[in-house]
Structures are given as C-alpha cells and as structure tokens.
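These notes open a run of structures that come right after.
Here come two complexes built around chain A, the first alongside chain B, the second alongside chain C.
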Partner chain A sequence: MLREVWEHRADYAYVLPAITVMLIVIAYPIYYTIELSFFKTPPGLQLRDKSFIGFDNYTAILTSEVFWKVTWNTLIWTLGSTLISFVLGFGAALALHRDFVGRGVLRAILIIPWVISAVAASYIWKWIYHSDFGIIGAVLVGLGLADRPPNFIDNVSTVLPSLIVVNIWREFPFAMIMMMAGLQTVPEQLLRAAEVDGANAWQRFWHVTFPHLRNVSTVTILLLAVANFNSFIIPWIMTGGGPSNASHIWITHIYELAFGRQRWGVASAYSVLLFLILMMLGYFYVRALTGNERKEGGA
Partner chain B sequence: MTRITLGSAVLRATVVPVLMASLTSTTALGAPPVDLSKWSPEYVRSIAGTQDFDTAADCGKVTPLDYKGRLTFWYQGVFEGDPDLLRQYYKDFFETFRKTYPNIQLEDQALTYNDLLDKFRTALLGNAAPMAVRLQILGGTEFASKGYLEPLKPEDVGYSTEDFWPGAMKAVTWEGVTYGIPTNNETMAFIWNADIFKRAGLDPDKAPATWDDVVKYSKQIHDKLGIAGYGLVARKNAGNTPYRFMPQLWAYGGGVFDEASANPTYGEVELDSPQSKAALQASYDMYVRDKSVPVSALTNQQADNQPLFVAGQLGMMISHPSDYNVMLDLQKKATGTDKDKAQTVIDNMRYGLIPTGPDGKRAVVFGGSNIHILKPEYVEGGKVDEPAAKAIICMWTSPEWSLKMAYAGSNPGNLNGFKTKWMKERLDNIKFLDVTTSMLPYGIPFPALPQSPEIMNIIVPDMLQNALTGAMTVDQAADDAAKKVKDLMGGL
Partner chain C sequence: MTATAETAPRDRPRRRIRVEGWRWAGRVFLVFMLLYTALPMIWMLITSIKSGFAATQFPPQWWPDEPTLASYQKLLDPQNSVGQDFLRFFWNSLFVSTVTTILSVIVAVPAAYAFSRFSFPGRNFLFFAVLLRNMFPAVIFLVPLFILMRAIGLVNTHGSLVLTYLTFGLPLAIWLLKGFYDNIPVQLEQAARIDGATRFQAFILIVMPLSTPGIIATAIYSFIGAWNEYIYAYTFLSKNDQLTLPVGIQRFFSENTTDFPGLMAASFMMSVPVVVLFLVLQRYFVRALTEGAVKH
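Take a look at the complex of A and B:
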C-alpha cells in the first residue's frame, strides 16, 4: 500500500491543497457541531459557559412537537419540490430535444428562473403572491374569478404549497438541463431500430430512452433532494418560516434556533441529524455515479 | 433719565454679546439639564434653539482631534422604510467625522434593524466583532449581561448621565453598571387618513380614543370602503411587530411581565393574564372576525404598510413622524394620477396620541438605540482603539448629531439636543413632531433583560400568528407564549 501511495505521490500532492482547505472549512466545523450538540448552551450565557448534557438535546428534539411538524414540512417541501421539478424538467427536456423553430430561444427563456438570484426571485414572488395587492390576486379579481385576492402565504394551509411552486419554478430548469444532456447519450440507432421493429413513441421512450436515462435521472433527483433539504433562501425571505411555523423546514428552523434564539446546542443536534440524512443521500448519489462505472468495468 | 457714556456704551456693546454668547454657547457638560418634569410640547418649543454647542471642541477634549488610530464600527443604519432626509444626515455624519478626525481610519458598516442582532451575535462567537457598535435599545442588556461589552457611561465621553432619558439609561445598565450610551429615543404616534375617516362616516379630525374604537373604526372603514382599516403588523423577527403590539397589550393592562408598572420587577409572567388575552382578542377580532386589516399582516412590516397608506388603501397605522416624510418621498416617485392620489393622502394625513385601553391607560414603546464599546477579546485582531471609539461615540451622542441623526423619525438621546437650533428648525419642518414628542412621557421601555430580544422578536409575534392563523385559540396562544417565556426565564 505504501508503495502504491509513493507511486501516486504526485497525485496526492495535487489534491493536498484542496484536502487541507476542506479539513479547515468542513471537517472542523462538522466536528465542532457534533461536539456542541452534546452541550447545553443557555441563551443568557456565552457559548464558552456551556455544560455537557450528553444526548439530552437529541431527546428534547425528538420529543418536541415542533420537530415533527418541521420534519413533516421538510418532507413535503423536499419531495414535492424534487419530484415535480424533475417531472417538469424531464418533460421540457423531451420537448426541447426535438428540432423545431425557436428551440434555442425557448431553451434560453426556460433557463432564466435558474439563473435569477434566489433572493431577487423570493422578493418578486412575495409581491406576486401578496395577499392584498399581489399580481395573481389582482388578475383573478379583475377577471371576476374571485371576490378577493387568494391568500397564498399568510395562511397555514396554503403557504407551503405556494413556496413549493416558487421552488419548482426556480429548479426545474436544472432538471431540464441535466436531462437534456442525458438525452444526448441515447443512441440514435437504437431508437431507429425500435421504430423499424414497430415500437410506438411511448414504447420507444419507455423501453429505450428511459433505461438510458436511469443514472442521470437518479443523479438529478438526488442533487435536487440534497439542494431542497438545504434550501434556505426562499422560505426564509418569503415567510421567515411563518405564519405559525407552517413553512418552517429544518434548515430555517435550525437558523432560527441558532441565530435568533441562541440555542446553539439544540441547533447543533438538529444539524447533526440533518447531516446524517444528507450523508445518506450522498451515499446513494455516489453509488449512482459509480454504479455505472462498476457495470462498465465488469462488462 | 439715565446717561450712558461712550465708554459704557462700548463696554455694553462688547461685553453683553460676549456674555450672551457664553451663556448660549456652552460645552455640553456645562449645559443645565433639561427638566423632564416640565415635559410638554410647549416646553420643548421653549427650549429649542436656546443653546449652541461646539461638537468638535467638546469631542476634542475626549479624543484629541489629531489622534491617529483605526476604528471598526457597525451600526443600525437607514433602511427602506426611512425617509431620504435621514439618509442624507447619515452621509453627512460620516463625512463630518472623517473631516473632524482625519487621522482615524474608520471602517463603518451599516446593517438593517432586522439583521443586526443575528450578524452581531455570529461575529461575537467568532471573536470578530467590531470595536464599537450601535444597537437597537433591545440589544444592550443581552450583550452586557453576557460580558461582551466594556463599561461605558456618558461621563466617559464628556456628557452627563442626567442629560439622557432615565428609561434609556436603564436599557444600557446591567447589574448596576452602565455599558452604553443612548443615541436616540422615540415614541411613535397614531396616524390616520382624515379623508378615509370622512368617507367611512367617522369624525375626520378625531383619532380613535381607545383600542376598542380602533377595532370598531377598522371594521367601519373596511365595511364601507372595502379597504383595510388598521395597519396591523405581525411578522416574526421584525422589530415593527412588538413596537405596534406592545402598546396595545399594555393599554389593556397586560404585559409580558410587569414592565408597564412604575417599578418593574419582571418577576411574574403576565402574557396569559385576562388583560393580555383581551389585547390579543382585539387583534384577532380585526384580523379574523372582521377581516378589516391587511391579510398580508403576517408577512408584512411597516415598510409594507407605507405604500398602502399613500395609495389610500389603509386608514390607520402606528408609526414615527418620519412617515410623513416617507409619504412625501413616495409621492415624488409616483407618476400620473397616482401622484395626485398620493397628494390627497398627504393632505389628509393626521397624527394623534396612541389610543388608551378600557381603563384609560395609554402606553407606547420607548424605543431607540444605544452605542457600545466591545471588549478586546471579542474583536477582530484582539485590540480595541478606545480613543477612536470614544471619538465617534462622543460625536454621535453629542447634542448636535444625536439630534441630526434622529431628525425625521426619532429624538435625540442627549436631551441637550432639544436645545439646539436644529430642534427649532425641525419643529417647523417636521410635521406632527409635537405629537410624537408628547407621547414620550407615556413611553415604556422593553424589559431590561437579556431575554428580551427573543421575547419581543420571536415569542410575541409567534403568539400573534398562532392566534391569527387559527393554529391556536386566543387563550391557547397566550398560554403557550407565557409558557415559552417562563421556560426561557428558567434557562431552557
């Protein structure tokens, strides 16, 4: 093994600076967060006055009502945003894969939501949704379709779906780009052969195109899921987790616990749990990436 | 007949102006204190413009004007809800400071009210705080109690403690030690649109006398005109929410603790008292029962109410006198018929005292900001340039600049600011200033406790949101909030 390391010394030297930086900016904060999650950090004291309480923070989290509410919100947010973004992005990629007049322009237009700053998009959507003077409300009232503007973000039932719509609007171009790239890899001759064999459009998609896109689909879904689990800007700017915690997801709740309420220990325990979930998603992501290589290597 | 000789005439002509000048142009420390027992709009008018202060000379005694140093400084600056006039004064202050102290390298950073506390706390955890900071009144005790701040009192920068509001001094005092100096203090007032009142069948020249009247007026405006009556604000993590709800809570006889009493002890939590619940019920009645306030109140702050008000879509709100200037700024930006509509609103803008509770109790939040010096161990580089910090603190809390930096929306923290010529000028220029200064004696400071920011920015807005969204009943929301405060005070 040492011999192998020595033989690859130049490779190790190349990655050393990156590894060093990662150790400083990633490994140490992870270690410190884990350590802090075992301490009580009363908001009235400095952080250095913390006291060791073992797993009490984890117990407190898992037995609190808010945790389950926030977890449920996070699941809806992540699954809803991820799956719908993927389906819409995939659909758009299939539509744009065919050659037609204006395809380039349409592709550029559809990418716009993804390149707009999330902060700017959040403020724009906040006004679009505004419960008294929003654009959607004005149009609906103007057309006589509603008596008063619909309440999108000031209502506990509608706030989360409304935020998910914004998130999907911002994310589906990413799925579209990924799937468009994937579609380029589907062998044309296979599709023609299937056509010659009498397969209809759906059969060609289901038996030829889709199996070729399995890996890129998995990677896209996992990347979207990780991003959505960590998605902070849209819910924080548009609602701050409200009203009445109805749009709090893990990451906004952690932020409020830490920076608003200074419960560093509890916030750290939450972060550790979130980290474990993301690591699991990361594991599947790596497997999806390397699975193909293994198959190719084994073939 | 009195004979006046040439010699005595010359003497009078030279000595009297000098004497007058010496009487009117004094150092801030030598100025007789403002008599708070006489406080009234007339008294404020009588003292305005009676004294001149030489800020550079005063501060030069604290930190020599040729002092060479470096200062990092964060402050709660102007934001989207402030008038342009204030923006200009902030710009002028920093330009003047740099001219007055050309050898102090000043690295200043403005943060908004809602961001400052979070960012400052984060910087402190990383020992990367600025050397000096100007915080909202709510923040002083939190950081003093945790030991982040250096003791600092008005006398350390050439002023006297009695030149500042006693309530403001309480907010910078922890366990008997003073840790900061108030820069500005204010109380808000009740604003209404007389034209809307008239069209809704209300007396256009009378503000609602009680909070129950506010509920009634709001409903009447909404029912008759189809617009929002009262500009309720219930956003979480936004300073605007407690500043608008606490006066209502106190007026009904409630409170978080006993902070509205003459000698608060903060011993008992009173958020679940019948009086506190009555105040919350009033908000519930407006939002849920009558639907007479903006639906967007749960995500709005006062900056969102301002465009509604100038558009004639909101009848009443609570705010600073600066909102009149904000309306003027918004009107300038309007085009076409919107400009005329905005002018109509401005012409019909009225200010009055904040309504009372059922028992005639009137209350308002005694707000403001304080300036502090950090301990070196929490500052980036581990060093604090104290003379440089004192230079900027002396200047900001001087009668001149504490007045100018509060020109449109607040009042000088240094009471001698009321005696300056700029106070006289603003009494003429800033409409309705009389009304808000009249509210000052009704001002109640937030509890001087380290837990106050969490109570006011999170627990109280949560209580409002829980009741207004129907997530809890009024009783449950109040009980839940009271429990959270008890847990917080118990160290949980």
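Take a look at the complex of A and C:
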C-alpha cells in the first residue's frame, strides 16, 4: 500500500492544491465544530474559557420547542422548493426541447433568475410583497379579490409559502438546465422507433424518455434538496426568520444562535446534527453518482 | 406490423389532435413560466426609474408619470457618498470574483485531469471527498473559519473570501472537467508523446484546447458564485471600504429603508455583469453539462 502510494507520488502533485484548500477550509472546521458542540461557551469569542459539558447542548436542543418548529419549517421549505422547482424545471425543459422561433431567447430569459444574486432577488420580491405598495396586493385589490393589500410576509401562515415562491423562482432554472442537458442524451432513434410502433406522446415520454433521465433526475433532485436544506439568504434578508419563528429554517436559526445570541456551543451542536442529516443525503448522492459509472462498467 | 398499417389511417387524425394537445399545454406552460420569471424583473426596472414619491403610492403607477434616471445617477456618481460607496463595493466584488475565478481554474484543471487519467490509491475517496463539499452549508464552517481567519490575520481582507470561495467552486468544477477529460481519448495524448512531447506538453497542447468549453463553464460558475456570495462576506468583513456588493447593498438599505427606487436600481446593476456574462457564454455551460456531467 505504502509502496504503491510512493510509486504514484507524482500523481498526487496534481490533486495536492485542491486537497490542501479543502483540508484547511473543510476538515479543520468540521473537527472544530464537533469539539465545540460538547462545550459550554461564554459569549464573545473568548473561547479559551469554555468548559466541557458532555451532551448537554444536544439535550437542550432536542427538548426545546423552537427546534421542532424550525425542523418542521425546514421540512416544508426543502420538500416544497425541491419538488416544485424540479417539476417546473423539467416541464420547461420538455416544452423547450422542440425547436421553435424564439426558443433561444425564451430559454435565456428563463435562466436569468438563477444567475442574479439571491440578495437582489430577495429585495425584488420583498418589494413585490410589500404590505402597502406591493404590486401583488395592488392587483388583488384592483381585481376586487381583497379589500386591502394582504400582508404576505408579516403573517405567520403565509410567510413560508411566500418565501418558497421566491426560492422556486430562483431555482427552477437549475433543474431546467440539468434536464435540458439530460434530454439531449435521449437517442432520437428510440423515440422514432417507438412512434413507428404506435406509442403516443405520453407513452413515448414514459417508456423511452423518462427511463433515460432517471439518473439526471436523481442527481438534480438531490442537488436541489441539499441546496434548499442549506439555503440562508432568502429567509435571512426577507424576514430574518420572523414573524415569531414562522420562517426560521435550520440554517438561519443556527446563524442567529451563533452570531446573534453568541451561543457557540449550542450552534455547533445544531451544526453537528445537521451534518448527520446531510451525511445521509450525501450517501444517496454518492450512490446516484457512482450508479452512473457502475452501469457503464457493466455494459 | 400489418395491424398497425391497417389501423394507422384511422388512428392518425386522433393522434395528431392528441400531440397538438400536448404542444398547446407546453405553450401555455411556457407563457406562464415566462410571466413568473419576467414580471418581477420588469417591476424591478419600472420601480428603478420612479422617483421615491412615485414608488410609494397606492394604487401604484404601472408606468411612472415622470420616468427618471436619478437613482442610477446617484449610484454611479463618484462625487457623492452613495456613489462612492456603490462604486467601491462594485470594484471589490469584481476583484474578489476575478481572483477567485482564476485560482479555481488553476487548481481545478490539474486535479480533474488527475482524477480522470491516473489511478492512485485513494483516488475515489479523494474524489468523493471533494464532491461532498457541496453537501455542507456555509453556516457550519462559519464559526471555525472565522476563528481560523482571525488567527492567520485574514479577517477584513479579501483573501479570506477568495480562500473560502475557492472551495465551493471547486467541487463542481472538478466534476465537470473530469467528465470532459474522460471523453478525450487517451490515444491523442499517447500519439503526441510518441512524437516526443512531454506529458505536460501533451496536456497543454492537446488536452487543454479540447476542454476549453469545460474550462469556460467552470470559470463562469466560479465567477457567478463569488459575485453573488453573501454569508461569508457578511461575517468576515466589517470595514465599509472592504464590502462586496451583496453585503454593501444590504448595509446601505437597512439604513435607508424607504428608498425603493434606489434599492431596485442597485439590485439591477448588481445583476447586470453576471447576467451578461452568463448569456454570452451560456452555450458553453449547457454543453459542458451535457458532455461533462450528464453523458459520461
């Protein structure tokens, strides 16, 4: 083993820069987070004064009411954003697959929200949802559907769906690009053969196109799920987690615990729990990616 | 076969109707998506050319009575303090994003090449370790990185941002480029080496040109990621003259909460560079995804 490593020493030179950066910025923080999660930490970053308290941070989290509230929000946020983004993106990719006049322009416009900064997107939508001068409220009042502009963001029951709409706006183009790339790999001949054999549009989609896209779909959904699980900017800028935690998701909650209330130990314990969940998702992610290669090797 | 031939004439009109139906559904869907995508951006532009007074009226002016570019002039005027700040944030973002992009390409290209061509012990483990970086949220790394950056004296410098931004560009960059290199036949390089080229020459002269679309895609991805990044910049930088655009704009407008035209104009100008960059180079991006990531 060691001799083999030594024989390949030149090969490592190629990956060394990448691995070094990763080690500094990833491995060390992970280790440090795990360590901190077992300590009681004083406010401020005077971390020399920390004291070991075992699993107290964890029990404190799991028995708190906020934890369950935030977890529920995260679940809705992640599932809602991921599934709807995927369906909309896949639909758009299918509708854009056939050539027509203006297809390139339309595709470009649909991609723009994905490129612009989430901070800009948050401000644009915050303005659209504005409780006094927002355009949606004005339209609803104009159509006689509401007496006065509804308050989308300062309302416990509408805030999360409203933010999900913003998130999908920014995210469906990613699913669209991935699925467009996937659609190009579906062999034309197979589709034509199916058509000759009398398969209708739906049957061709379900029996030929879709099976070909299974891998891309899995990877896309997983990447979306991870990105949504980890999102921060949209809730942070638009609501800061409020009103009364109704739009706090895990990440914003951890950020507030750490940098707002300076409870580094508890925030670290939260991070470790998050980590465990992500490792499970990561397992499926790696399996989806390697599934690709294994199949290729077998064929 | 004969059965199809017999039933085909009877079936055809009905089938065409059904295909037409799907196509119409597709069109309606695209119109809906176009409205969903474009209307918020159009409203941003319309608001940005209103006066502060015109923006805060109910019902709103669908098109401003007196369109004005005052917000843009204010943001781009180096004479007043708002313009000075905005231009400085803009320059900071440009600097950080450009350095990040150049470094990511320099680091990702050899790594992807090695993952594609060589088999050394731990290759798979390292490859997936790199990919797994995508899984973890910025927040997990914030506290330790903040402490680390403070220890090595990088807090309040752009170096802290470049170092962290490198790591989220890298996984996708390496993954995309590896796909590219997998598709370039090894024989091409072998031929070059038989003709007397060194491995490095073969790499620079044969492999690099063939993977240009991948490198461009990688560069776009890194640039956009760095340009739009918020949370690290928000945590690592506190001096006003160091801020990048997303944080700078947020700081500025948390002090001027009612200047909606200004906010929309700033959001628009912050989006222009990345949108233009992406639209010009998007075909490389889609191609890189098709060839690199999806096909294999």
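In this section, the second predicted complex is superposed on the first by the 291 of 299 C-alpha atoms of A that agree within 3 Å, B and C clash if a C-alpha of one lies under 4 Å from a C-alpha of the other, contacts with A are read in each partner's own complex, and residues count from 1 in each chain.
As a working rule, a residue touches a chain if its C-beta (ideal position, glycine included) is under 8 Å from a C-beta of that chain, and two chains touch if they have at least 3 such contacts.
What you are looking at is a predicted structure, and each value in this text was computed from that prediction instead of being measured.
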- Counting residues of chain A touched by each of chain B and chain C, the higher count belongs to C
- Message: Looking at A:4, would you say it contacts chain B, chain C, both, or neither? Reply first, second, both or neither.
- Response: second
- Task: Would you check which partner chain A:33 touches, where first means chain B only, second means chain C only, and both and neither mean what they say?
- Result: second
- Item | Partner chain(s) touched by A:135 [first = chain B, second = chain C, both, neither] | second
- Message: By the touch definition at the top of the document, which applies to A:262: first (chain B), second (chain C), both, or neither?
- Response: first
- Query: Of the partners chain B and chain C, which touch A:240 in the superposed model: first, second, both, neither?
  - Reply: first
- Task: Please work out whether A:42 is in contact with chain B alone, chain C alone, both, or neither, and reply first, second, both or neither.
- Result: first
- Classify the contacts of A:221 with the two partner chains as first (chain B alone), second (chain C alone), both, or neither. neither
- Message: Looking at A:61, would you say it contacts chain B, chain C, both, or neither? Reply first, second, both or neither.
- Response: neither
- Task: Could you list which residues of chain A make contact with chain B in one structure and with chain C in the other?
- Result: 45, 47, 132-133, 149, 259
- Query: Where on chain C is chain A touching in the complex?
  - Reply: 4, 8, 11, 15, 18-19, 22-23, 26-27, 29-30, 33-34, 36-38, 40-41, 43-44, 47, 55-60, 106-108, 110-111, 113-115, 118, 120-122, 126, 128-148, 150, 163-164, 166-167, 170, 174, 224, 227-228, 230-231, 235, 245-246, 249-250, 253, 260, 263-264, 267-268, 270-271, 274-275, 278-279, 282, 285-286, 289-290, 293-296
- Message: Show me the residue ranges of chain B that touch chain A in the complex, using the header's touch definition.
- Response: 118, 121-122, 125, 145-148, 228, 234-237, 294-299, 308, 313, 450-451, 454, 457-458, 461-462, 465-466, 468-472, 488, 491
- Item | Touching residues on chain A, where the partner in the complex is chain B | 42-47, 126, 130-133, 149, 151, 153-156, 238-246, 256, 259-262
- Item | Contacting residues of chain A [partner chain C, same complex] | 1, 4-5, 8, 11-15, 17-19, 21-22, 24-26, 28-30, 32-33, 36, 45, 47, 88, 91-92, 94-96, 98, 106, 108-113, 115-120, 123-125, 127-128, 132-133, 135, 138, 141-142, 149, 169, 172, 177-178, 180-182, 184-185, 196-198, 200-202, 216, 223, 226, 229-230, 232-233, 237, 251, 254-255, 258-259, 264, 267-268, 271, 274-275, 278-279, 281-282, 285-286, 289, 292-293, 296
